[in-house]
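Letters A, B, C and D mark the chains in the order given here, with residues in each chain numbered from 1 onward.
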Amino acid sequence: MADLTVRIGSLVLKNPLMSASGCFGYGLEYAGIVDLSSLGAVVVKGLFLEEREGHPPPRVVETPSGLLNAIGLQGIGARRFVREKLPELRRLNAVVVVNVCGTTIDEYAEVSRILSDAEGVAALELNISCPNVREGGIQFGSDLASAGAVVAAVRKVTPLPIFPKLTPNVTSVAAFARAAEENGADAVSLVNTFLAMVVDVERRRPVLSNGMGGLSGPAIRPIAVRMVYECAQQVRIPVIGMGGIASARDALEFLIAGASAVQVGTANFVDPLIWTALAAGIEDYMIRHGIARLADLVGTLERGR
Amino acid sequence: MADLTVRIGSLVLKNPLMSASGCFGYGLEYAGIVDLSSLGAVVVKGLFLEEREGHPPPRVVETPSGLLNAIGLQGIGARRFVREKLPELRRLNAVVVVNVCGTTIDEYAEVSRILSDAEGVAALELNISCPNVREGGIQFGSDLASAGAVVAAVRKVTPLPIFPKLTPNVTSVAAFARAAEENGADAVSLVNTFLAMVVDVERRRPVLSNGMGGLSGPAIRPIAVRMVYECAQQVRIPVIGMGGIASARDALEFLIAGASAVQVGTANFVDPLIWTALAAGIEDYMIRHGIARLADLVGTLERGR
Amino acid sequence: MAPADVQAEVLGNRRLSADYNVLLLDAPAIAAAARPGQFVMIRTGPGTDPLLRRPFSVFEIVGDGGRAPSAFSVLCKRVGPGTERLYRLEAGGCLSVLGPLGKPFDLVAPPAEAWMVAGGVGLAPFAALAGALRASGVACRLFYGARTAADLFYLDDFAARGVALDLATEDGSRGTRGLVTAPLEIALRGRPAGAAVTLYACGPEPMLKAVAALAGAHGCASQVSTERVMACGMGGCYSCVVSVRDSSGRARFVRSCLDGPVFDGAAVAWD
Amino acid sequence: MAPADVQAEVLGNRRLSADYNVLLLDAPAIAAAARPGQFVMIRTGPGTDPLLRRPFSVFEIVGDGGRAPSAFSVLCKRVGPGTERLYRLEAGGCLSVLGPLGKPFDLVAPPAEAWMVAGGVGLAPFAALAGALRASGVACRLFYGARTAADLFYLDDFAARGVALDLATEDGSRGTRGLVTAPLEIALRGRPAGAAVTLYACGPEPMLKAVAALAGAHGCASQVSTERVMACGMGGCYSCVVSVRDSSGRARFVRSCLDGPVFDGAAVAWD
């Protein structure tokens, strides 16, 4: 049996598979069909301090091999999450990572503090890359100084591992990975969605009520793999890779390119039981290639032919 | 009958349809099955001053709804093009646009000069965005000052309409569109391909011999539409849009988002006779919506629901 | 009851017209658990274009003689690439089917009457609903509207179940000319005072809104089956929200795949 | 001759094994123009995944009695999503087919002999080639290798055309055990001095390289049909290059869809 454990800061995960934020609800929605404790970690929907309504529908539209969404971070807020969802997630032995949102640096810190004080949160993913809210999100994530400031501010208030989630909508994602590392991040996760738009040509309006949205799914996978590779070349902290993963082969692309762990978002919509196949496929590959520990596979891409 | 003519600088095209550079050879390859004079313009493969061998195969790999390529700008060079291809293209009444490449600003200017001196080149597209060559290309296209400098240098040596082709691999494509406008460009074209990578997991190497490549095709369309929209909002010169157009509906998305003309690349590989269907589909749409002139459709996207 | 993700064999594909077909799927786990008004998410084929599963109401639940249900059908209308694939499927093929999902209709009991209102493919949830209601002796009536007579399906089946039919077509080729809400309104006006009627509606959103309004105006309850783009069907994505008033009257976006697709017509905040 | 882009009806799909099938396509324009060694680009279905057309050699050219060819077939090996779709197609379906494309084989004339060397699905161009060569009285021999006996197809057809067969299988279940180049080498050694032989080869690249080397060593000409990923098949994209020496001996990348897929084995700069 291959050793699939992954270390991210002080956290040890039993395998490299995580649900991507916003694609797995609060985890509990899937508890009836997925053993949540079988995932390396359950990353839950992005949370602000307060509840949020999100955008009016239509919130999603399918594109060629992709999904465009502008949910607008509908959510119950950090406090209600701690009260209403966390106890059940703990009972199910889920390793819970919360995706932290904020409209100000103070809000990121405050949400992080609340979640750190609660029992049962394993790590914080800092969402500085959501393209679907005017304030916060991508506004922090596309400016090096702000991105660093968010990480530094959260670093001060929490002992939990933190990993900022980077936007792909920049010239150099790797520069943001370095800024994260320098400001005390334990890892970086990427990619969030690509800012994009679908036009309803009959109505001459965007299909989504919010106008633009974020593109995810297999369509973006080759770009995401490239970005993960670039970041992994430039930082020493672990990289958590995602973007279009829909099979063990896809996950292996990310791991070989340098991701220590991977997240699955859109593909979970198509195949909510994907986790078993992913774990089995990765393990099978490792056995076939004589790789005992996952860490020995991570970042083994050779350049040139 | 709807009026499909398009004006780009001093150039008037009979319709907004152009072949995308690198996806239509030198045009002549398709002369047996396509009436080249029926296209708004034929944009030929990128040309340096000298011949170029390009990268060893594999040069392309298919991705979900996309195509990743690293051809490496194999080409016959500007002088041979003028000698060997241009006369036949003129005979066929093609409106010829040449995609100009360079490893230095001087080379861009020199290639532009040679092409301007030749009889039968209608406009120059400045390729400052090819992700597949180390020198030149994207290196100019991802730095505002260099991009502006290339445009300014070419502007000095040619009376032909020039349109720099922008890379999508930057934080703000619109900033590059503005820089192009300020330096005398008659239009901008976008998007070139997205820097991306596919990993052969069995060999733990990139599938492409060059490592990374550029992603094109329907997969990228929603991102390209968004970028075209952003640029059209910020410049007064025409925007030539492309990225994954495979049907009249797709072309209309770009036109409505603000493109004055569109290019078709990858879809031409699938359907080399696509041009008739595109022209017919756009005309049909305009008649159905009571739009007499194409210019009255361009940029008519309404925001909000 | 947790949904199941099954590889269902296509037992038959009955093409009702150039656009409508009925797929019979061998899926005992889903057939046995499904309640009228619930839906399934179907992956229409391999590959990533189309990418997502598509939601379909459970149409008929098919028993194996007196034994437990072993199969169910979906009524499909061809509108795009996903339904195109389903239309072309041949018996013997296999489909990934996830379900049953969502909240079913609340079933009324006699003496209350059930009036079903279907617009086009909105007929889909009513075969199962009529079956369940008739089994408990509820008087049922189906108001069923479509473009034209050729788009009205399964009339004999509903009639054979003892469901009274009120038809409407936009072109007047069968039943009342116009929208189905017209005969519904007349029937509501004409019903004996005090007769308890619950309206069950499925169809285009303007129809649902009109039905909810008629229900309100005539003092009936209404249950409407909404249709939103659904990416996951499981509550994971928040794509499918409907604006619904809570007990305090405040409209909130709730996920129609979890809290619906059936809602109290009076609670929906129609826009 | 300009290629045609036709909507070809599938006249039949003969599944030879779990992985191989032969599609017969109704496409008079292509069938009439096609020469042995040319190929077609087939769109395997709607949608954008798979996105590109797939290249296939023209296998058999089928005449309508004595009249002009009206159909042709392709021999397909199932290796991925595109060939999977072609394997599953039923007669009556339609496919976009673009062709004929590329440079055909040069046909030798008697007394020169033609020895064809096929590895696996590399058999594909040789049915048409054998037909053309036999029609002009050229003595033909087919060296045909595959994994196992069950993967050797159309043996009777070639035999019936008067083609001598030399078989090889990797598992030894039929013919020589091992690679097909082994019996080829023996035959080259054993041939009468001065007998003019041209080798025609199609199969995996290492086989092509070996055949070209054998041809060189034994003073024969060789024509090899190369296989590259082809995005367009028309010369538009430069994806399909093969390194070929020009008259000055300099290796250059040339497009195998235009200047090939058939090349002089001696000119290819094998790596």
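Criterion: contacts are C-beta pairs under 8 Å (C-beta built on N, C-alpha and C of every residue); 3 or more make two chains touch, one makes a residue touch a chain.
Bear in mind the structure is a predicted one, so any value in this text is a computation, not a measurement.
A.B. asks: Using only Cα atoms to place each chain's centre, name the chain farthest from chain B.
C.D. replies: The most distant chain relative to chain B turns out to be C.
A.B. asks: Averaging over Cα atoms per chain, report the distance between chain B and chain D in Å.
C.D. replies: 36
A.B. asks: If you average the CA atoms of chain B and of chain C, how far apart do the two points sit, in angstrom?
C.D. replies: Roughly 48 Å separates the two chain centres.
A.B. asks: Give the residues of chain D that touch two or more other chains, as numbers and ranges in rising order.
C.D. replies: 48-50
A.B. asks: Counting only residues that touch at least two other chains, what does the list for chain B look like?
C.D. replies: 56, 64-66, 217-219 - these are the residues of chain B that touch more than one other chain.
A.B. asks: Assign the assembly's chain-to-chain touch graph to one of these shapes: line, ring, star, complete, other.
C.D. replies: Graph shape here is complete: every pair of chains touches.
A.B. asks: Tell me, which parts of chain B touch chain A in their complex?
C.D. replies: Against chain A, the touching part of chain B is residues 56, 63-66, 68, 142, 169-171, 194-199, 201, 204-206, 209, 211-212, 215, 217-223, 225-226, 229, 244, 249, 252-253, 256-257, 285, 300-305.
A.B. asks: Applying the document's contact rule, which stretches of chain C touch chain A when the two form their complex?
C.D. replies: 2-5, 43, 48-53, 96, 98, 228-229, 231-243, 252-253, 258, 271
A.B. asks: Under the touch definition given earlier, write down the residues of chain C that touch chain D in their complex.
C.D. replies: For this pair, the touching residues of chain C are 46-50, 81, 84, 90.
A.B. asks: If you look only at chain C, which of its residues touch chain B in the complex?
C.D. replies: 48-49
A.B. asks: Enumerate the contact residues on chain B facing chain D in the complex.
C.D. replies: Residues in contact with chain D: 22-25, 29-30, 32-33, 45, 53-54, 56-62, 64-67, 69, 71, 74, 217-219, 246, 266, 268-273.
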